Amino acid sequence: MIFTSDNASAASPEVMAAIVNVNSGYDASYGADAAMARVTEMIRDIFAAPDAAVYLVATGTAANALALAAHVQPYHAIFAHDAAHIEMDECGAPEFFTNGAKIIRVAGDHGKMDPAALNAALSSTGTSVHGVQKGMLSLTNVTEAGTVYSPAETTALSTMARAHKLPVHLDGARFANAVIATGAHPADLTRRAGVDVVSFGGTKNGCLGVEAVVMFDAAKAWEFELRRKRAGHLFSKHRYLSAQMEGYLANGAWLTRARHANDMAALLAAGLTARGATLLHPVQANMIFAQWPAGTSQRLRAAGAAFYDMPAAEGFEGAGGDGQRAIMPHRRQIKMAK
Amino acid sequence: MIFTSDNASAASPEVMAAIVNVNSGYDASYGADAAMARVTEMIRDIFAAPDAAVYLVATGTAANALALAAHVQPYHAIFAHDAAHIEMDECGAPEFFTNGAKIIRVAGDHGKMDPAALNAALSSTGTSVHGVQKGMLSLTNVTEAGTVYSPAETTALSTMARAHKLPVHLDGARFANAVIATGAHPADLTRRAGVDVVSFGGTKNGCLGVEAVVMFDAAKAWEFELRRKRAGHLFSKHRYLSAQMEGYLANGAWLTRARHANDMAALLAAGLTARGATLLHPVQANMIFAQWPAGTSQRLRAAGAAFYDMPAAEGFEGAGGDGQRAIMPHRRQIKMAK
Amino acid sequence: MIFTSDNASAASPEVMAAIVNVNSGYDASYGADAAMARVTEMIRDIFAAPDAAVYLVATGTAANALALAAHVQPYHAIFAHDAAHIEMDECGAPEFFTNGAKIIRVAGDHGKMDPAALNAALSSTGTSVHGVQKGMLSLTNVTEAGTVYSPAETTALSTMARAHKLPVHLDGARFANAVIATGAHPADLTRRAGVDVVSFGGTKNGCLGVEAVVMFDAAKAWEFELRRKRAGHLFSKHRYLSAQMEGYLANGAWLTRARHANDMAALLAAGLTARGATLLHPVQANMIFAQWPAGTSQRLRAAGAAFYDMPAAEGFEGAGGDGQRAIMPHRRQIKMAK
Amino acid sequence: MIFTSDNASAASPEVMAAIVNVNSGYDASYGADAAMARVTEMIRDIFAAPDAAVYLVATGTAANALALAAHVQPYHAIFAHDAAHIEMDECGAPEFFTNGAKIIRVAGDHGKMDPAALNAALSSTGTSVHGVQKGMLSLTNVTEAGTVYSPAETTALSTMARAHKLPVHLDGARFANAVIATGAHPADLTRRAGVDVVSFGGTKNGCLGVEAVVMFDAAKAWEFELRRKRAGHLFSKHRYLSAQMEGYLANGAWLTRARHANDMAALLAAGLTARGATLLHPVQANMIFAQWPAGTSQRLRAAGAAFYDMPAAEGFEGAGGDGQRAIMPHRRQIKMAK
């Protein structure tokens, strides 16, 4: 019973089959492979965005950092939640890829930005040459706390950014789970909600290692390609990224997997609360942060369950975390693999 | 009556005289001038640090950013107060010079780091490869709120950093005012209090534009020289930086000027409170943050006083600020020029 | 008949089998997987380097740029051949990862550094604070011209670098082919020849996308790990990189494949010369640069052969190139896939 | 008799007087001073460019690096002469400020770009995603060899760049000497010759330390301001930069000084050749590169002359150089101070 991280899971059979299937003969390299052309169309269809530029990389950190770097300057600020992966879990990748842009943290309960906090941050940033300038808004859906933004919530935040002419990024490492959790159309969670560029995750939901960067406005496409190459993220045998993504998307597998993960998380959360645990964040997707009476962790582990302890337990035990720097002092986390 | 910023003042006569005096004949360039050799010894004497490496640059931002860059790696965190100049007022210079290190903000009243907050930040940073690593502590004395750290307070904070083997930087843009305010020996405020490198300000206290970077351990001296050159901060006709600093230090002029500024700030603060103003931070050096009844600002300005309004006045008027991004919502600031 | 690039080929069956084989159950993420422990030992054995630090990334550009960045400072020079991949074919990745180090080009026939040219470059670099300082030597074996350095040639160049205390990097994207071509022990081509860090290629010789970075001195290991994460090159489901490399190395498959490629290149080169083509560089591994009489290219393509034209044909036709910026005006290139 | 470098000289009386003159009372800081408004108009007049954006910094390296950084991206190439200051003498400042752009060296005799070499470099750069892209052309006038480009020569090179839509930078550290040497209008040497941005030097020709960056198209003005601040090159007490430049320009002092320096260099060159020296480059401005019979250097130095030896003397002695990395193996240099 492994509840530590989506990353501990194997790849889905349909993804592995797609890789095996593409492994014959010669194919064009560096993204000109036949499968990539199909993947581009599939993703454009998903987002109802026929002009979107679509690129693949192998890690979520690369997707996020490249998406940001293509849209901000080094003297810019990126507004992100206190708990955002780009702030807490990427060892400074955004600063590296953007050549030193500054992340300005925005508070909010349960992993979601407080609109008033975002507004205050926007208002107080970039008021003179002495400070960094407003550059971009980055949201995360599913959030780091396992909650989801609705289309309306996303729109409310993006509207604030757009009032300052800022582009909006969405870290969608668990985007499939957000689609299931909200029941919303992918376009309504992104493009129609004011998002310009999405890190569309595959790895956590069944792939070996592939994420798409989807830019609804293709104006930055060539710059993105150059930055991807310059960062060592352009694959020569690109077909193996394309195949993963194709296997992941074909026949709606990505949503089927996400639905199962969300359902299992809900089931587990119900079981935990029935047995005396307290949920620290609403369980809306496939992550659980819980605390429970002393002694429980020991019994669970003795029974074979693996999960993370979060820092700052303060009298409680619990499960959670990626072992990263603590950002929500009380969070307890169980991430349900697909 | 100009109370806006030390930067609005002219240079002191003794500094200007030193520049005029050095302006004849040939001299070695790029820091090999005769005056620089004297300045190095004067500064070593001030800090009782006979082995210190001493360099001059023309701006405080350059001094701070180069001092940091010589001591941290791009994957490091720099711990600084919420209101630190390096965080708020340098348009991301630390991120630029360090190639993307991250500033982690530490809270604390009246511009001074809360030791518990520093301890928590240190404990939660760099716990795995996923986050930036602990890199350096940066303190500011006089603080951005016009308060001062005593040697003991400085030691308490530096000791926490040193427990993690971190070097300690002191932004001393107004270091002369801190020396006067504390009555402490410069070495007791720095080297003997666990500080490794000081940005020793001259500009705000009477120079045209010169700051020294003083490294008590000279191991980073050559790296500093390379980074200074690479950043365009090595002056060809370096004698004009040296002369400023020599004029500033000779005969204790730097302390005489700072004492006068501190005395005048105290006098003004007393007058303000006697007339109904409230001081938002203790006035210990040459900065005043005050709020006063509605209508006062208008009368003061009509009478010829210039001062800054701080953001977020919330029912009060006041003076303060450099016009930068607001970091203390209620602060009102008057900076007394020397 | 595809002679364009190794990157157009599919993966070897043994590599694909290894990926399929590892795709079950839970495994530790981020490099702590069971297969990685085995890979580390296999690579240490290959290089007879029991203390080497071994890391995997997915692209050759990442391997090279990270290896360089872990060993040089931004104010350093990297000495590389005029035709080096790091100079010509990585869109500035070394400059990006090192935060602006400068590549100083060293001439030499047939893709190999002229020792006198290296010596001159070393002597004239870093003579004062005004220029970048000597930082690192980077060699490539198999070279970009399809030639190989012997252990003695490698030692001669590394000795020059070591006289200035510089570390030495080897870009071994086609290292297996160099081992076959020279008949030398891998340690004699690297560690015992003065090389500190190797980019040990897998992708071009049968993997989907995996390269090892092998550091014989592990002192930089933790820094490498941080830079890898920060660059988005740490894979969460790392087992799929490990499995590729394990399948590639097991039973000497990597050498078997390379021997076949080298043999086929020799056969093709013999056939070409017998039919009137001129070889522009000695064919020692799996690359051919040839020129031939007008009309030949058209006939070859009509017969189904795919190959690259190099720029600056000057009266000749030919095959070659990656389509990158021309660095050897007359080169014609056929790269034999494994 | 000091012939080493313009940087060994003192400032001109008119410049020093201007600084002394501005040193009274309060003035706006950070470039909003009254003198700067006048300087902007003076420089616009000089270049007949009423809409130009004009900024001051204190060093030539800062001027060049900021001018480049405002116009290129990190994945760009900057085309510069083999001997360009930005390539040889700035310790990698362009790479630092541009976050890793690559300088591509262009050959040419006597410090001037060979148009055919520039054309070849342009044609072979940026042909695919694998290499850096064409970004900017940077010329130097007076060149590093003491020669000058005419307006027609400048136009010929800038036209090649503009055919690829590249902006053009002119390093005019000794621009006054170029104006005198060519007799051309400053606008004809720059704006009307296809130059977009000029580093307009003051330091070498009589100032303490001030250079203007003149952008004929103000579209990048705000970005330039942010980058200047971020690099620590925005002076708080900016009036002292403005005053220098005002004193330098007023009454044509800048041209008077340059004319004298050029005349003295011509006189010295004539005397040297009359006594058996050979000029290695035409002496057109205020620099001399000469070689002379063995024993001459010793006699000159015994007589009190100071000058530089250049590297790689190869049987000759001579004067020259800044002690930097050698870029023209045979150059001998005497720089005439104003």
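First chain written, first letter: the chains are A, B, C and D, and each begins at residue 1.
Here is the rule we use: contacts are C-beta pairs under 8 Å (C-beta built on N, C-alpha and C of every residue); 3 or more make two chains touch, one makes a residue touch a chain.
For clarity, every value in this text was computed on a predicted model and none was experimentally measured.
Greatest centre-to-centre distance from subunit A is found for D, with centres as Cα means. If you compare B-C with B-D, the chain pair joined by more contacting C-beta pairs is B-D. Measuring from the averaged C-alpha position of subunit B to that of subunit D gives a distance of 33 Å. Inter-chain spacing, taken between the CA centroids of subunit A and subunit B, is 40 Å. One inter-chain figure worth recording: subunit B and subunit C are separated by 49 Å, centre to centre, where each centre is the mean of the chain's CA atoms. Taken residue by residue, subunit C touches two or more other chains at 30, 74-75, 90-92, 96, 99-100, 129-130, 226, 229-230, 234, whereas all remaining positions touch fewer. On the subunit B side of its complex with subunit A, the touching residues are 74-75, 88-92, 95-96, 98-103, 124-132, 311, 322-327.
Across the complex, subunit A is touched by residues 30, 73-75, 99-100, 129-130, 133, 223, 225-227, 229-230, 234 of subunit D. Of all the residues in subunit C, the ones that touch subunit A in their complex are 2, 5, 7-11, 16, 19-20, 23-30, 57-63, 65-66, 90-93, 96-97, 203-204, 208-209, 226, 229-237, 240, 337.
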